[in-house]
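Several structures are given next for inspection.
Below, chain A partners chain B and then partners chain C, in two separate complexes.
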Partner chain A sequence: MIVPTMADMMAQGKQPEILFWVGAAGSYDDRAKKISRAFVKILHQAKVDFAVLGTEESSTGDAAKRAGNEFLFQMQALMNIEVLNGYEVKKIVTCDPHSFNTLKNEYPSLGGKYKVLHHTQFIQNLIAEGRLEIDNQNLQGKRVTFHDPCYLGRANEVYESPRDLIRRLGVNLTEMKRHKRTALCCGAGGAQMFKDAEAGDKEVNILRTEDALETKPDIIATGCPYCNTMMTDGIKFKEKEDSVIVRDIAELIAQANKL
Partner chain B sequence: MKYLLISLFICASYFTSAKNNISIHKIKQNTKDSIPSFKTDLQQKPLEYKVQIGAFKTRNKALEKLRNISIYIDENLYKYRLGEFKTYKAANAYKNVVKKHYPTAFVQALKGGFEIKILDALKQEKGI
Partner chain C sequence: MQYLPNILFAIALIFGVGFFVLNIRKLSRNIKLGKDVNRTDNKPARLKNMLKIALGQYKMVRRPLSGILHVIVYVGFVIINIEVLEIIVDGLFGTHRVFQGFIGNAFYGFLIGTFEILAALVFITVVIFWTRRNVANIKRFLSAEMKGWPKKDGNLILYFEMVLMTLFIVMNATDVPFQEAGVGNPISQFVAPIFNNFSAESIHLIERTSWWIHILGILVFLNYLYYSKHLHILLAFPNTYFANLNAKGQLNNLDSVTNEVKLMMDPDADPYATPEAGAEEEVPEKFGASEVTDLSWVQLMNAYTCTECGRCTSACPANLTGKKLSPRKIMMDTRDRLEEVGRNIDENKGTFKDDGKQLLNDYITPEELWACTSCNACVEECPVNIDPLSIIMDMRRYLVMEQSAAPQELNAMMSNIENNGAPWQYNQQDRLNWANEE
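Presenting the complex of A and B:
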């Protein structure tokens, strides 16, 4: 799999169409790496000229900011902005709604102004431009429910792009009782992924998994690597891993197109 | 006999080190006070690229057996780097070969022994 870096592009005197911001989960977490790979396969199929920052990509600072460390966030953000502006990046696509939200809404005031898209929005654009088609035969008839990631849905009101892609897979999309504006967090937001939960009766991810299981799905689709982990843990807790799978939309498209 | 054994040990150490051509560098830490002169001095230093294949808290004897390996001691890390290149393109081509054995290998730009950003190195290389 060929994944060029911005440095490779600059050394060749080229400027890619998009920068793929991989994010911390997509770079280091073994499960999330599969989402990054699936998205790269889609980019290759659509012949998109893209590059990553590679070792020059640092944390967006989202987790630091949500945990209350504004100083660390600004340090991390400014380091990234210096690199992004140095490479004259104009358009960024990411599979991580946390990175999407931070790059889109919090970097501009620090001097980082880019057009930022979630991968579902970008794939939707590729289809609209006729650069990509989704095979609707391979997953036909599967019951799929979509969990809205907080930073994609309620924070940025991106509800339709992921649903449009799921419908194109030829599957039966069923909504949870709490969806779109009333969707429930998976339990990872606000840097909660990295700490123990507060005292209570039930973990948030278990509650959200119960929402999903009520729709009797074959597949729980997500658009966020952290939601993916939380929902997968919930499915394991409910001992449903033999009948229900959790997949990112990029993985479903890669599977449908046999990439 | 004792002196003979010591001499043999010193000779063996010398030839092992010469064969593997290990170079050990301690990465210097710049302080706030030295930043203006540090930056001016750094401009004069030659730019080079190396391919980093690993970084460990303790020395890695297996990697030290590789030919032309350089060890950079950075506070509490031993960084193992291969090759010495004048251009990013050459270093990157070498990295792609090395990646078959060390999948996490990457190109590190250096100036006078100091790590610098690839972006800054590329700009200097291109005279931007």
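Presenting the complex of A and C:
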């Protein structure tokens, strides 16, 4: 798979249209890597001139910041900004709503000012510009429910881009009782992904999986690698992995377009 | 002696309003114990928020049942209070229904008639509210933090409103000339027959007594506000005006940290350089918050504004899954501790004397703070734009940056980020391997 880096681009004296910010999950987590690859396939199909930072990319610092470590966050932020500004990056696209939120909202006052888009927003733009079409035959009729990632939804009020893409797949989009503004968290945010939950009577991801299963879905769609992990675990816990799959919207588009 | 009632009324009014003003000054003093934060930008957006959310009850009606019921009480409360103007004029000058002469019988009748209908609606709504709180088993009214005073407080407010509305109707029903005029009594005309067999003196006595208890009740209620969650009727307005306008996902960057990090990363920085004059004071006492005085004045105003409705807690993923965290409790604890600090300052002639307590641990425990997923459901839910998440984050910052007291797994995550730029233990050189793994 051809994934050019900013360093390659610079060596050739080129400036890509977008920087694809892969994020830690998209780079290292086996499940999330598939999302990164699906998104790259879409970029190739739409002939988007893109690059990644590769080994020069480092944690945005989101998890450190939410865990209370502002020092570590700002060290990460300033290092990343130095790299990004060094490459004169203007536009960033990411599949990770946490990176999206941090790059978009928390980097500007530290000197990192970029146009930042979630991949669902960017793909929506590609379609609007006539650069990409979604085949609405291959997934037709499937029951899909969309789990709003907190850092895309409430945090940045992006509710429609992912839904617009899902509708274009020709599927039957069924909303959970808690959706958009009132969507329930998957349980991973605020650095919870990296620790055990406090004592309680249930795991958050199980409760959210129950919300999703109420819609009797074939597919639970997400737009966040961490939500993906939490919902996948929830489906396993409920022993539904034979009938329900969890997919990122990028994966669904790649599948629909047979990429 | 002819002017005795006027004098008594004036004294009651002066004491009632005076005591209220004193309490408001105390409230303002306590809020100003918070750290400075600039919320004077973008005035049009702030004004719009206030008009839409506080005045317009925009977020209240997202839950239609409780929202519409609340709108009835809110509109009733605001409009019926126009009548208080007349009561004050009558009380001070010994007049009776002074506006009737000024604005004419028809319009006066229309006004009082409207007030009566609203009073009846408010009464019915308040009874429904009481039932919701005490009989209906609604989960958010039964949480641990609602036991004791908060529950009593909620009920007391409802009793106050029931009594005040009843007195308003009885006062009109026993006003014989008013009933005889027959305008503006759509409700009280049905109450008036109860008093048919009473002597003229008794009816007049009931009318006067109702009138007095009604206005004294209003003055008592006004002063009850400061001691109650009911302060939201005033603070909802500044609270929505000064609320955060940024994207909810944006957590503030600490400037104090930026300075230190920049110094650390600057290869030309001289660590042994003499600090510039005055630089010493700029160094903050601590990072994050362990006490109410470490929070900003907006966060402290948030705490006083909270009316403990519990919509935040009913949407909190941690709370829904049985964890100890309740965003409402975060706000109540902040307010209770701030009140305690305020009383301490009053008792010690204007300075705070260490009482061996603080907001962290004595009120809010680390277990609650670490249960938060930062999902913003509480912030989204709050009908008056209170931000419990910002307090949780500031307190986590204190735990981590001042006490290194993060849960073990988070320490591991953070040292991974520090060492290899990812929350897991992978080599940064492997960061692009995903591209060639299929």
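Criterion: the second predicted complex is superposed on the first by the 259 of 259 C-alpha atoms of A that agree within 3 Å, B and C clash if a C-alpha of one lies under 4 Å from a C-alpha of the other, contacts with A are read in each partner's own complex, and residues count from 1 in each chain.
Following the convention adopted for this analysis, a residue touches a chain if its C-beta (ideal position, glycine included) is under 8 Å from a C-beta of that chain, and two chains touch if they have at least 3 such contacts.
Model, not experiment: these values are computed from the prediction.
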| item | value |
| --- | --- |
| Partner chain in contact with A:Ala11 - chain B first, chain C second, else both or neither | first |
| Touched partner set for A:Gly86, first chain B, second chain C, both or neither | first |
| Contacts of A:Arg154 with chain B and chain C, given as first, second, both or neither | second |
| Touching partner for A:Arg37 - first (chain B), second (chain C), both, neither | second |
| Chain A: partner with more touched residues, chain B or chain C | C |
| Partner chain in contact with A:Lys195 - chain B first, chain C second, else both or neither | second |
| Touched partner set for A:Thr55, first chain B, second chain C, both or neither | both |
| Residues of chain A that lie at the interface with chain B and also at the interface with chain C | 54-55 |
| Interfacial residue positions of chain C with respect to chain A in the complex | 246-251, 253-254, 257-258, 260-262, 264-265, 287-288, 315, 317-318, 320-325, 367, 370-377, 379-380, 393, 396-401, 406-407, 409-410, 412-414, 417-418, 421-424, 426, 428-438 |
| Chain B-facing residues of chain A, complex | 6-8, 10-11, 54-56, 83, 86-87 |
| Parts of chain A lying in touch with chain C, wherever the complex brings them together | 1, 3, 5, 22, 24, 26-29, 33, 36-37, 40, 52, 54-55, 57-59, 61, 63-72, 74-79, 101, 104-106, 109-110, 150-151, 154-157, 181-182, 184-185, 187-204, 206-208 |
| Chain A-touching residues of chain B, taken from the complex the two chains share | 87-89, 92, 106-107, 117-120, 122-123, 125-126 |
